[in-house]
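Listed next: structures, encoded as structure tokens.
What follows is a pair of complexes built around chain A, which joins chain B in one and chain C in the other.
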Partner chain A sequence: MRGFLLARARQAALVLVAVVSLTFALAHAAPGDPFWAIEDPQLSTAERDRLRSEWGYDLPVWKQYVTWLGNFATGDFGWSHSRGQPVVAVLRDAVPNTLILMVPAVLIGVLFGVALGTWQAARDGRATARAADAATLTFVSIPDFVVALLALSVFALQWQVAPASGMVDPVFHDSMPALGRVLDVASHLWLPAGTLALLIAAAVSRYQRVAVLGVLHELYIQTARAKGASERITILRHAVPNALGPVIAIGGLLFPTMFAGAVFVEKIFAWPGMGLTIVDAVAGRDYALVQAIVVTGTVLVLVANTAADVIASIVNPRTRLEA
Partner chain B sequence: MRPPRAAIVTLAVIVLAALAAPVITPYNPAAQPDIVADKNLSPSRAHPFGTDQYSRDVFSRIVYGGRTSLSIAGLSVLVALLIGTSVGAVAGYAGGRADRWLMRGVDAALSVPRLLLVLVLAAAFGQMSAAGLVIVLGLTGWPGMSRIVRAQVREVAALDYVLAARALGIPPLRVLLRHVLPAVMPQVLVAATLGVATVIPLEAGLSFLGLGVPAPVPSWGGILLDGYEQRLRAWWLLVFPSAAIVVTVIAVNVVGERLRESLDPRLRPPV
Partner chain C sequence: MRSRFVRSAALAAIAALAVLASSCAVDRGRGGTLVISTAGDPDLLFPPMQRQQQAREVTDLLFDKLAEIGSDLNTIGDAGWTPRLARGWEWSLDSMEVTFHLEPRARWHDSVPVRASDVLFAYSVYTDPAIGSSDGALMASMIDSLTVRDSVTFTVWYGQARPERFYSFVYWLVPLPEHLLGSVPRDSLRTSAFTRAPVGNGPFRFVRWEPRQRVEVEAVRDYYLGAARLDRVIWTIVPDGQTAVQRMFAGEADFIGVPLSPAEVAEISNHSQIRSVRLGSTQYTYLQFNMVDGPASRPHPILSNRELRRALTMAVDREAVARNLVDSLARVPLGPLARVQWSADSSLRQLPFDRDEAARILDSLGWVAGRDGMRSRGGQRLRIGVAFPASSSQRQRLATLLQEQWRAVGVNAEIERLEISAMMSRIGTAQFDAVLMTVAPAPSPSGIRQTWSTAAHSMSNGLNLGKYSNPAIDASIDSAVSASSIDAARAHYRAAYQGLLDDAAAIWLLEPIVVGAVNGRVTLPMLRTDAWWTSIPGWRVSGEPPPAVSDTAPRTP
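Entry: the complex of A and B
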């Protein structure tokens, strides 16, 4: 188990270094530097050069890289020019907001998806299961942003049972008592989080269905049936535990996709998390902020991925050998 | 297993409409006939899908948008396919250290959200042309393909006829190209089909975020962005581009899944 964890941690560290280096390399491959873009006719070439050397842009690339890595490692992500504040301050607001959205969505989505997939496999071939299969295939085929736009149009704009944008009431939130503020966030949360949970459940249920179906061909299932176990016990006690390992491992691979889904959901519901922030940052050419969010997003995905692998290895010890 | 006729016919209609765009569209997709009087018109006989906030005909824009979206999707999958097949085939056939290092790199690439990679590239290089999008989507799409190709190549390479080819003294590269890769092609085709089904929403999503092909060129995601901005005034600007994207992606997915199922022995009942 320890060897397995070490291998996972090494892989995660490698990914992180690769992503950090890639964002640095891209910043240097792109034309110009921060001072090249300043459109001030008053700024003389000499003055530009002085600014460049003051900020270290005249140093050799490898020196800049080392300094920059050091800054990143110590949590100094630089200055966000579009927000007019340090990148760290922007992240301090955005990361918790994304977690408030993602954690309930992932939990509900995965639980519901596993239940649905198991039910479909148990009723394989019947009309209800086929209808459910068509429904989940439709949902995984519809892009995240279309589902989110649909949810927004129907629930927030047409029926008006949810606020159309933001995370809190823009006027009254600060004057509310503590419980009122929580309820205010919850009333803004349920629609975007529900949308994400639905998308996750659809994807998870498809893997779960195939995994349970694959297991149902195994001989120990025949044995269970032969000794007279009820269909319910056969599925829940014998098939599901054996199908769960691969599903959790594949679930780990879903995290990058979920993150992308969160970007669109945040954009469409104007939820002030990392997704909305990075979209605005890209539009504002705020590279320092983009870089920091990409690295933070990668860290979050890696942590979630590694957690999924560890859980999978607990559920199914055979996967440990693969590491 | 019977072929998914409805999906194939749907796809054919969409592709033919995109190819024949100048013939079947009643208006120029970029023309703004009367920005005051013809703005945000709801669907009518003259404008079956209505008009947008610049008085442009939405039907014409969606048909032309299909050209943009489909060609970017197709070409970028081709780029991803070329790189992914090469890397996967080399890793799977060579094995050993080359395999370990290549696949470690692929695992690394796969654990980063693709959208984030695309966003970094967009931030570094600014507004992208259609060709730029093809390259960016292709460069971020190959790792998944390479994994599938590698797994298949390893399986095929262990078969007796490959051993026979090697025993005859045929050079390794020739064995790989002439004897192993052709056997892998069905799976590659499935991967490519499903690849198209992931790239179409990605490209549309980028355009929806305002980061796709530059403004006057119509694309499905771009029209959807117009719809998001006009969401309180013009439902048709949301419904029709969404429908175009969804119908296309579902049709491609159905074809891809059906192909995959017909190739997957695990899903066949035991004999």
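Entry: the complex of A and C
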């Protein structure tokens, strides 16, 4: 296992360096810079040039890269031009909000998706399973933002059981006691997180259903049944653990989204997270913010994928041997 | 047994959450708090450097100017201007200097008195090249110097007797607290904490700015001109327009100040507690032709021809385009001006929509239609790139409509949907054929000098992106800008506008009728046509607390 982890760590370090360097090169290769990205024709070329020079964007790219790397190594992530704040402050504001939204949404979505997919597989062919299959297919097919708008319209406007948007009540939040503030955030959270969880669950359940159906015909399942195990025990103890491979892989891919956020949910429900921050940073050629996000995101992807590989190797030791 | 317990607990949790959610969703009465839905964060809360309207909405409540422009938006002389930070001013006999007397009761929000030295300090910030303020450049072009007479009196000395010299100083300059900013190096001002948490002197003080969530200000109870009728104003950031409207319907916001679509306006009429409100705007959209070809400024091979530009203009049914795009929520502009500007003249002669005449002109210029109906001359297709920023869905639809209209006369419009950075870069190097621009000029019509004069080619804040040049129009603009009476100025502006229309320097396409939404609990006074938010101190909401003692003081001196 130690060798396996060391190999993974070496691989991760190489990937990190490659991704960071490539992102830097690509971001700088695209036309423009933070000052060309300001749509204000009154900002003259001379003024844009002056600002570029003031912030060092007129230096050769390799010099900018070395400077950035040096600053980054000392914990200076730079200045975000699109947000008018230090990059660290932008991340400090946005990352916790994203985690509050994404962690419950992803966890509930994956768990519910696994449960639903397993239930569908166990009842394969019956009307209820077919109806659930149609429902999940519908949610997977409809564009994300349409589902979000629908949820907003029904729950916030028609039934009025959720606030329409935002993370807190802008008027009363600060006058609430600590528990009240927590409940305030929870009341604003459940609709966007629920919408996201629903969409994740719909996708995960389809993978899980197919995976469980795939193992239900295996010999060890027949053996369990032959030994008199109930259908519930057979599925939960024997089929599900062996069908978790695809879901674990999806989980590894979903993990970084906990950091990256979901643009459509943030936009529709006005949730102040990382998704729109990333979009704005790229559109605004906010190099420092883009780099910081990429580095953090890459580290998370690498950690998550390594964790997924480790979990997969524990669940199925053959994968470790193959690796 | 255990599963029954788990099920009961889950049901109880769901019920509790539903009760909690519904209790949070109902309107509990916000008292004197006004909640405004806005599309995005301000860029900075620092008047000399901010660029966005969202920032102005906040800082215009935090900072007082010396005087406010009148409802007629007069920019010549000082007629109609209302004293604010300056309780009065007097002109010298030759009108080349004006002495302002500051209101001695005015205080910064940290209780330090506002002094004449703050005005001088602000002027030095605005005009510092390190700040790069285009407003400062305008001031510096008119003002010779400023001198302090005593702590509340200062004099502005003008270098030129321009009719808009009062406007160019008072409309743009926002006094800044020298005691807080004097020690900050100018090149560090942009990144200073003040730009995100300013200390002002206006009717509201800054409370908080949580990025992507809200900006909050609260009324200053001992404000020297009398406290505002509201307790607080909160701008909540809602990036999606549809969600912003839903928030209004759900009673979570009181006001939307961004333009609503026709469908949204129609939907509002179904909700008794919401009403639409017409907001003034100086905004208009036009297709600017490029007269030069690249940075070397050679004449553009196609668009430098006046007759061809006229044909292109006559081929566009602008009424139909506006109707198609936003139904009745826009009009065809009168020209390079907004109807709320005092120089607006509805008698300007427009080029008519006449496809036959457009086709005849193109034929006479040698652009002959081929088998596919598209025109070419000497093997060169009549192709015109129409650039616009990818972020603007309205301009994308506008470009598509233009493409259709031009196709009918055999002109091929190539849609160039560009990322902002790429578009600004191409504009900066004159590498475009035509670009769809949306501008919201200041109240002064003299901005036309920046947009259409030959002098603008070399202005640091010039907007003559297509390098248009016409000596006759330059002369009209110069005469208009230096005319001492409003009637004389109006006549010269008319000549300049007419010249630009006849020359087809651009196709002026769309002047939006901006409609926002307001909750029935809010009572609005008359809104200023260029900046609705400036009247917020006079807005009322039902359920507000009784007026404070200082509220009985006159609202304006």
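Note that the second predicted complex is superposed on the first by the 240 of 323 C-alpha atoms of A that agree within 3 Å, B and C clash if a C-alpha of one lies under 4 Å from a C-alpha of the other, contacts with A are read in each partner's own complex, and residues count from 1 in each chain.
What we mean here is this: a contact is a pair of C-beta atoms (placed from the backbone, for glycine too) under 8 Å apart; a residue touches a chain by one contact, two chains touch by 3 or more.
This one's a predicted model, so the numbers in the text were calculated from it and none came from an experiment.
Once the two complexes are laid over each other on the shared chain, residue contacts for A:L152 go to chain B and to chain C alike. By the touch criterion defined above, A:V90 reaches chain C but does not reach chain B.
In the overlay built on the shared chain, the residue A:L14 is in contact with chain B alone; chain C does not reach it. When the shared chain is aligned, chain B comes close enough to touch A:D144, but chain C does not. When both complexes are overlaid on chain A, the residue A:A270 reaches chain C alone and has no touch with chain B. Contacts of A:R285 after superposition on the shared chain: both chain B and chain C are touched.
Within the superposed three-chain model, A:A186 lies in touch with chain C and out of touch with chain B [touch as defined at top].
In the superposition on chain A, contact of A:S165 is made with chain C only, not with chain B. In the superposed pair of complexes, A:G297 makes contact with chain B only, with no contact to chain C. The intersection of chain A residues touching chain B with those touching chain C, taken from the two complexes, comprises 30, 149, 152-153, 157, 267-268, 283, 285. Of all residues in chain B, only 104-105, 107-108, 110-117, 119-126, 197, 201, 204-205, 208-211, 224, 227-228, 231-232, 235, 238, 242, 245-246, 249-250, 253-254, 257, 266-267, 269-270 touch chain A in the complex they form.
Interface of chain C with chain A (complex): residues 17-18, 20-26, 28, 30, 33, 35, 41, 43-44, 51, 129, 132, 134, 187, 190-191, 195-196, 210-214, 216, 232, 234, 236-240, 242-243, 246-247, 249-250, 252, 389, 391, 419-425, 427-428, 437, 439, 450, 459-463, 465.
Remark: chain A residues 30-33, 36-48, 50-51, 54, 79, 83-85, 90, 93-94, 149, 152-153, 156-157, 160-172, 183-184, 186-188, 190, 266-270, 272-273, 276-277, 283, 285 touch chain C in the complex. Residues 11-12, 14-15, 18-19, 22-23, 26-27, 29-30, 137-138, 140-146, 149-150, 152-153, 157, 210, 213-214, 217, 253, 255-257, 259-260, 263-264, 267-268, 278-279, 281-283, 285-287, 290-291, 293-294, 297-298, 301-302, 305 of chain A are the ones that touch chain B when the two sit in their complex.
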